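To keep things clear, I will list the structure first and then write my remarks on it.
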Amino acid sequence: GNGAASGGGSSASDKSIRIAYQAFPSGDLVVKNQGLLEKALPDYKITWTKFDSGASINTAFVAKSLDIAAIGSSPVARGLSAPLNIPYQVAFVLDVAGDNEALVARNGSGVTDVAGLKGKKVATPFASTAHYSLLAALDKAGVKESELTIVDLEPQDIQAAWTRGDLDAAYTWLPSLAALKKDGKVLISSRELATAGKPTLDLGVVSTAFATAHPEAVDAWRKAEAQALDLIASDPAGAAKSIGAELNLSPAEAQDQLSQGVFLKPADISSPEWLGTEGSVGKLADNLVSAADFLKKQQKIDAVPALADVQKAIYVKGLPGVLG
Amino acid sequence: MAVAPSATLASPRRKRRILLRLVALVVLYGLWEIAARTTRNPTFIPSPGAVWHQLIVTSTVHGGIRGYSGHLLIEHLGVSLRRILIGSAIGVAGGLVLGLIMGTVTWFRVVTEPVVTFVRALPPLAYFSLFIIWFGIDETPKLWLLSIAALPPVAVATAAAVLGAPTGLVEAARALGAGKWQAVRDVVLPHALPEIFTGVRIAVGVAYSSVVAAETINGVPGIGGMVRDAQRYSQTDVVVLGLFAIGLSGLLIDALLQIAEKRLIPWRGRA
Amino acid sequence: MAVAPSATLASPRRKRRILLRLVALVVLYGLWEIAARTTRNPTFIPSPGAVWHQLIVTSTVHGGIRGYSGHLLIEHLGVSLRRILIGSAIGVAGGLVLGLIMGTVTWFRVVTEPVVTFVRALPPLAYFSLFIIWFGIDETPKLWLLSIAALPPVAVATAAAVLGAPTGLVEAARALGAGKWQAVRDVVLPHALPEIFTGVRIAVGVAYSSVVAAETINGVPGIGGMVRDAQRYSQTDVVVLGLFAIGLSGLLIDALLQIAEKRLIPWRGRA
Amino acid sequence: MSSADAVVLSGVEHSYGDVTAVGPISLSVPSGEFLVLVGASGCGKSTLLRLIAGFEQPTAGTVLAAGVPPVPGRGAGLVFQQPRLFPWRTVGGNIAMALRYAGQTPTTARIEALLERVGLQDVAKRRTWQISGGQQQRVAIARALAVDNPLLLLDEPFAALDALTRERLQEDLRRVSAETGRTCVFVTHSVDEAVFLGSRVVVLTPRPGRIALDLPIDLPRTGIDPEELRGRPAFAAARTQVGAAVRHPGVFA
Amino acid sequence: MSSADAVVLSGVEHSYGDVTAVGPISLSVPSGEFLVLVGASGCGKSTLLRLIAGFEQPTAGTVLAAGVPPVPGRGAGLVFQQPRLFPWRTVGGNIAMALRYAGQTPTTARIEALLERVGLQDVAKRRTWQISGGQQQRVAIARALAVDNPLLLLDEPFAALDALTRERLQEDLRRVSAETGRTCVFVTHSVDEAVFLGSRVVVLTPRPGRIALDLPIDLPRTGIDPEELRGRPAFAAARTQVGAAVRHPGVFA
């Protein structure tokens, strides 16, 4: 049925939550696997739907088929800009891309730094956080986009093309990143870009209608996500087991992947660095605006949203108390 | 073709057929095994053994994990088959009606033919997001996609076959007092049946091969969703397993269609 | 169908056809405009004006930027058309040969039919990664994908038509001294032509609708790559523009095929 | 039966492209008449029947059947020169189809009776390609007989039959047409058949077919033994006259 | 020409499923003979020709043509009961095809000559459905004549032709077969035609067809005027004898 399209789920009486998750290692998968949210909200009907890109999550929000989603910062910037103007709000930072997303040059390509990519062939999945990071890295190194060939490939295809020797470098994430690293050199990782002011994040977003209708559910969800973050910090093996189960990976593999990401402490999320608090919205809003700015330059969006509007789209209600 | 031995030879012929196919199967298996051993890269070409292992893993509950992505292989397949069958059924029915009217009512053909040709050139991946926006993320958009994939072959084949109806036999029916639609039902349609069947077989194949596209969004459980997931993690053995599940069930359905065809069209080659 | 007015009426009929189509076009345009105005959401249904605007934007160099993603619309389309045409040509030729042999050589059919049915059920998106491994990321894998998409309809239609060759006429040729392959060339093949043409038309349509799948990998320039890109940024007007470019060029090719069909098969409805 | 003309052709001509097949012909067939058309191969006999049945439009002149321009399947039964059986139906199924169009219930008994009438047994369940050429032709006749039309058009219906079967069917047709008052237009190449069946024989010239001879046959239509009929001097006279017209010099133009 | 038997049937029987169509029949056709088969509709004449041409395998007995089991298209020409023209070729194209199979160059002159021989002009460029039924049958004959086979099998080839054309073709066939020494097996329903053409007439019983009469026709094959031939007492005698066999009681079993 397409009841979803009718916008159901946003009225106070309708106790159902439709959550989109993605297959990257994060606390979100722990929440799902261990049923944390279901335990916290026993009288809610919760459906988890897997998506494989932020673009399709945005589309599903447009279709009013989702209430909560795990989504990259780059698609969120698009979603908050014209023409999409999706009525959703950022309510959580699931993780910050660290060493799990990186730009790797293939051994034998002769590339040793980002500047050396001129005239080379570099692959990345377009419209992803990695794409954003690649362009940011090039920008930082003063390389113009037109000076190299950027190829649109999905991670698994990057791995295939890489093995054949068709590519000189690629910006991608785990698990394909691991395969690339075996015969390549990391030029820059998202961890470094984050410290340089261009972080890419995985965010939790909540549709405005849902947040208005069910603030208590949003609180419960944030608490569950926070609980998962705690678990990742305190019991990585246990978290990895849950994540592995969701990703069809062995616990060891999952733990390895998990170790390469940056997971904030729940308390940090309400710091000025990220979401901020009810009174003062954090730097995340600036970060999203700069991402939108970047997309505008790419002609991918019509207009950059005003900082104030983006700040309104940061769900800080109850922060920092809620996460305590 | 024509000068075929008579039907009395059926039994030894069937035996030879089965034998031939077995030989072909063994040869293919051998080639695969050799290819897997020489490449020695399970992400490129997984060995038959690895795929077999995955078949067992994805078909059982192991260590508290149910199959793949929380569903057994058979469940993935079942869900997808349901989608394919419903989608194909809608597409085939729609294509049949559309093709029939297009083939018989001139003004309707003049108006709709360009539209149908236009639509059938459109890539599902391009308009799928529109479906999501219109129909949500559950079954509806998937069924729409599969139906729209299955419709054109049937519509085109039906319209062409109807247009090629044999003048002589249509006249014979009219001479016996058949009205226009009676002639369509009793002459044009039966004459078109073989071509329509071909269209249906192609349509079901196209629906099959669209299942991954249909299951790009909210595709688990679903064999297409499973394959996509496995792909993302370079679990080539699961991908190959999924391909086998798809291909073999497709083979089965096509065989059923061919049996139906033989039953329904005893006059093939005689018209 | 059969009892059609004679050919002398061609000219006024053609006029009426054109008129009817124009009316249909205007009606469709009206519906679109109304739909766009009532939904008022350009991501749902972009207005005709917005799409027109994108046509101009993507067809010109504006502010130092060339069209979309660095290529003009016509370049995107040209690259894709080239791929579609080459892919279709290979697929059609392959399907024709395969179908012909399948239809005439029994042991070959027994062995290959299951393989063909198996392969045509496989979703390109599932095995496309394998193509990258085998053929890289440039033109080759795209052409392979399109060829493999175009092959089955032709193969299935040809094999079916050949199997349905009229016994009486094949015997007539044999009686005149035709060898097996002469009878295939002079009777079976011409008799199958209408169905083969239908297969070709379906095949080209399928190749068309696979262009986005083929261009998921390194697809820019290419109309499919353009659409994918636009899709991911929710630029629905560009998506719709791309759909129009695909659909209209598809319409053109189908029209050419139909003209060829009419020329080549004057006996349609008489066999 | 009305006494009006069943078929009226006035100045009828028919051309296929630039080939004039038949005409101009003017001819009235009174209701109840048994008109036999004879003429060289390719002189336009089939075309003429198709015109009367409404399958072709005359390129000049007018055709009226029962006073109106003919419409296929309305009021006239037509046995084509080729059997034109439907291969997707069995022999019995072909006849059942005709019965259904005529608004009758196609019972096995009715089907068997019709087949019996054309000398066929045990073929109702066969497929159409599992019977011989002459049997196919007879099925086509039975199919046309299933529908009770006031006008019956027959295009060389007995061409593929052996002498004995042919005579039996001739006698049956002669008797039935006389008894029911059905109008018949019958094409044949056999002069004997023409004179035996016809109440009037029209011989056409070679292409384009025009009327070369229009001969009323003055023989009793009912109550006479076929042997006796053939023995009558009028029969022999008509045979000679028709035969001469067929052999008339210039026929092989 | 060898003096060996062109066709030898020994105890030949053919059944379609459980329908025994023909036989058992034993029959030798010496080289150069003109054998005419006569028999009721459905008695198995076409089946017999198909057996001799190699299109059917006997369910019992053996068929030999030129001493070996027959293979379609090798050594025997066959005119089917239906014209079986190829609609994707023009009339001329149909004949050109046959010429090409026979290893000849299909020139326009050669095609025209063959059409002329069956009394057709100006039809070479027509499509096969743009000629009349009798014309189609003649094209089929011309097509078979294009190939020079020592054995010619003809299944009611003149059934759809008018008397004049038919006689012309009969005379042509009689003369040519006698002059070239070709063996012919000819099926017809016309007793007159049988006796005129045949050097031997075989009458078959109704299904399953067996030999009811095997009559050598003792009339000169060459150097005699057709009119004169028909006037001979032997002609009349043979006609009577064949006619009687055809009408033999039990034919309508």
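Note that the chains take the letters A, B, C, D and E in the order they are written out, and that residue 1 is the start of every chain.
Please note the rule applied: contacts are C-beta pairs under 8 Å (C-beta built on N, C-alpha and C of every residue); 3 or more make two chains touch, one makes a residue touch a chain.
Chain labels with UniProt names: B, C = ABC transporter, permease protein; D, E = ABC transporter, ATP-binding protein.
For clarity, every value in this text was computed on a predicted model and none was experimentally measured.
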item: Count of contact steps on the shortest path from chain A to chain B; value: 1
item: Most heavily contacting chain pair (counted by C-beta pairs in contact); value: B-C
item: Centroid spacing, where centroids are CA-atom means, of chain B and chain E in whole angstrom; value: 50
item: Computed distance of Cα centres, chain E from chain D, in Å; value: 27
item: Numbers and ranges of chain D residues touching at least 2 other chains; value: 55, 72, 82
item: Sequence positions of chain A contacting 2 or more other chains; value: 55, 59, 62, 154, 156, 160, 163
item: Residues within chain B bordering two or more other chains; value: 3, 44, 129, 133-134, 168, 171, 174, 216, 228, 231, 270-271
item: Residues on chain C engaged by chain E in the complex (per definition of touch); value: 168-169, 171-179, 182, 186-187, 190-191, 193, 265-267, 270-271
item: Interfacial residue positions of chain B with respect to chain A in the complex; value: 41, 43-44, 64-65, 68-69, 129, 132-141, 216-220, 225, 228-235, 238
item: Residue ranges of chain C touching chain B (in the complex, touch as defined); value: 1-3, 16-17, 20-21, 24, 28, 43-44, 103-104, 107, 110-111, 114-115, 117-127, 129-130, 133, 149, 152-153, 156-157, 160-168, 170-171, 174, 183-184, 188, 194-195, 197-199, 201-202, 205-206, 208-213, 216, 224, 227-228, 231, 234, 236, 239, 242-243, 246-251, 254, 268-271
item: Complex interface listing, chain E residues touching chain C; value: 53, 55, 72-74, 76-78, 80, 82, 84-88, 97-98, 101-102, 127-129, 143-144, 146-147
item: Complex contacts: residues of chain D adjacent to chain E; value: 16, 19, 38-42, 46, 81-82, 119, 130-135, 138, 155-156, 159-166, 168, 189-191, 243, 246-247, 251-252
